[in-house]
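In the two complexes that follow, chain A is the common piece, with chain B as its partner first and chain C second.
Moving on, here comes the complex of A and B:
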């Protein structure tokens, strides 16, 4: 498990489009946007319109926070100050299980894994966990590998 | 462009030296680059009546440069935009001149990309300030996932998994572009490297090593665009604009990383427009340039723009194929990886110099177009440089392109 993230060096500033997302995370709920007109889901919530039908009144969908690792990077050289002591850490893109749409559209989210690089692979199932930060208003979702899979791929260089 | 193909030309190019640091303002550097590009065209500053630039909130503006240099402009607009904006502004210039808004236009980019705002961020040292995550940053900074290397690495990793390609293909690009830089007196890294040097360089963010990443520099670059009627009277052989595409976007279900295939980049459909406008096919192209912010961005652009089949770019670049005197020379100045980082414009500049047959190399007669073609003696002019395809990159889902030809084609 990578060393802790120094959240005292990070200030998240929710805005009018994202305040409800951060409020839900505080209650350990993982939201994605969902269009009430056509059902399309998306992430991140900074986008205030539905890319499928153009609706300007997006709602929310609460996911179970389970998915499959679609890709990942291993950050070795830190850039954001809060992560100086955290390197190396894995950032993954996760394809959410309950956000696959009939048209083939998928919703992917991203986050920092709790697992070290050798434990992570494309194709592995994972789940969200919640981490307190230095700011009582902000709870940060992290992800951890939650099982095994037949077809996985690891970067071995 | 169709009916406008070959009707507009790039007639002047200029740049300041790549510095780390420049110890200059972006306005001071822009004035020098604009003056040099105008002089290179054989024009006076008073002959220029249009100016435009792009930036990301890190630079000066056209009105500042025009005021400083005493230029009276008929058109001046600056845009916010990342890589691949230079080619887009060439398209603007064509439209503006065609419409009569101005006659001859200079396009510049000026940035203290090393000593000022760095694209790749600054590795923390000393006391660490609190980082503020707002807007897009709410959903990447809190995950320590902010820099282009960290972001593009996500697509690169999936590409390696999907295609079976390895980072040795990345190394091929680093090696080829560095070899070209070794022939370029202006480049900041001129020591040739081997595949093993790339493979041994330290990790930045897996799957990228140090030698996968470009060299941030302080620099300003400028190009001059005008009509072919004016171009023929000027100092150098004209370089004709045959076609292109400008900041095309892929279908993006809200977010780049939710696209079905995250390494499907915008060139995939853009190239059909560019080659259609130009009326050429890939086999007519003598050399290319690729926005090499990273080795991987070159690799994926070659594939996206149809120079090889899908998933085969790793094989395609093997064995030095992108080197001068080989099948498809790429980034003959050394590019972002080895010459320095200009946010894309230096590729256009080098392509123009090659197409004029006036690459500023070590040959005593280069300024008159006389070259030795002896690479050991430092000649980097291609023997046959008639048509070039320049590929620009903004993000995985955003791309530009400029197909140019010299007077011989």
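Moving on, here comes the complex of A and C:
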């Protein structure tokens, strides 16, 4: 059984663009950026402008934290110190159900799956869960498989 | 067609030692490569009046000391004994490895310099540098806030995610990557500069290799080395008076499409983004994929070669896996690919090895790998959904 992620080996430093995101995560809310002018959504919030219309005043959208696994990797060789005892683990790219936009684009987030990795597959629905860390300022969203692949929405490639 | 077509040429190639156990700092390996390129062209260092490089470290967070981790224009200007009054230089961080060659060509065409030296020096950082693995609590700020806490600090993991999506989307299997890796190794076995020159690889070797980021294994990753490759670029007229047959620069393209995926780029838009480069490349040269005698396609991670075959139009979208099996990409095949062994087997020279081999092929200098009479060869670097630059070199102007 792999060890838990050792977040003490990672000093997460929120900044001007991201402090509100981390504050929301502490309250178990998952935010993505949303443009107040055209509605476009994006993640992560490190990009301070709307790529669609150029608006420079991004706001936030609180997603329900449900989505579909777009693709994933099983990390075998750890690179980040906090994960040395955790291999193998799955990093998934998740397409958020409530962030689909006209024209086929969708907001994607990344996250580490919980220990239900053997079940992971492209197209499976999943949902966010929140993991407390030793640092009270940092709550980490993780993801778990939440159903079967029937009737999942497909990204327009 | 590009109005500069055939007006410049690559006239010299220089390699340093390519090694995983360097006995000197990267800056001195770069000087070795630069001197070798100058000598290969039949020039003297003091004739070099243009300098250009793509200096970037191989990954975010790697070291940045000049002459140790990177080799800047300033380092070569100060340590090579080039012209007392250099007329032009550029340090490019957009596009990729072909970009400083492209800039040099355009500078030469307008008369900004006479002989440009272009190099790419790459250092193999210590395995844990930049990640802080096992060393207290490294800082995760900026982009890293949304990468490091997911244990996904390496681009190999990003490529694994994209490749899994490719397999899902197009029904491909690891057989396609095995075919590419084995092709590159066979070619490297014919390339005396290749890191794996004396090491053959079997299909079993490939499938028994350990996973790094499943579904990518060790042999899907380029081999990190210390080394430098340098080129001499000059005007076609000057090149004809030098020692070697010139490899004329027929056209170039750079990846300029806007990608939808932000930090977590996956397979998205590999056709559109790669196509933005390829369309410019083909139209600049007035040539198409069918006219290439070989293709040197970037393989920092193995799937990129497959993506380029499709994005550049050598086959249709989703047909890359079929294209690379059955001997078509081998020397003697319909479209020889990475005839020098690629970054997978020659070593991580970030696309400079690809350019050097394209030059060798159209100038009859490709040793046991020579494609008889090769007249046009492309070299494309980068991963199409992310970035890239490419050139076509030709036997005749």
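We adopt the following convention: the second predicted complex is superposed on the first by the 144 of 157 C-alpha atoms of A that agree within 3 Å, B and C clash if a C-alpha of one lies under 4 Å from a C-alpha of the other, contacts with A are read in each partner's own complex, and residues count from 1 in each chain.
We adopt the following convention: contacts are C-beta pairs under 8 Å (C-beta built on N, C-alpha and C of every residue); 3 or more make two chains touch, one makes a residue touch a chain.
Predicted, not measured: the structure shown is a model, and the values here were computed from it.
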| item | value |
| --- | --- |
| First (chain B), second (chain C), both or neither touched by A:12 | both |
| Partner chain(s) touched by A:77 [first = chain B, second = chain C, both, neither] | both |
| Touched partner set for A:27, first chain B, second chain C, both or neither | neither |
| Set of chain A residues, in rising order, touched by both chain B and chain C | 5, 8-15, 18, 22, 42-44, 46-47, 51, 70-84, 86, 89, 91, 93, 105, 108, 110-112, 122, 140, 157 |
| For the chain C and chain A complex, residues of the former touching the latter | 128, 131-143, 145-154, 157-158, 160-162, 164-165, 168-169, 210-215, 258, 260-264, 266-268 |
| Complex contacts: residues of chain B adjacent to chain A | 120-124, 128-136, 138-147, 150, 153-155, 157-158, 160-161, 166-167, 202-207, 252-255, 257-258, 260, 262 |
| Residue ranges of chain A in contact with chain C within the complex | 5, 7-15, 18, 22, 42-44, 46-47, 51, 70-84, 86, 88-89, 91, 93, 105, 108-112, 122, 140, 157 |
| Chain A to chain B touching residues, read off their complex | 5-6, 8-15, 18, 22, 33, 40, 42-47, 51-52, 70-84, 86, 89, 91, 93, 104-108, 110-112, 117, 122, 140, 153, 155, 157 |
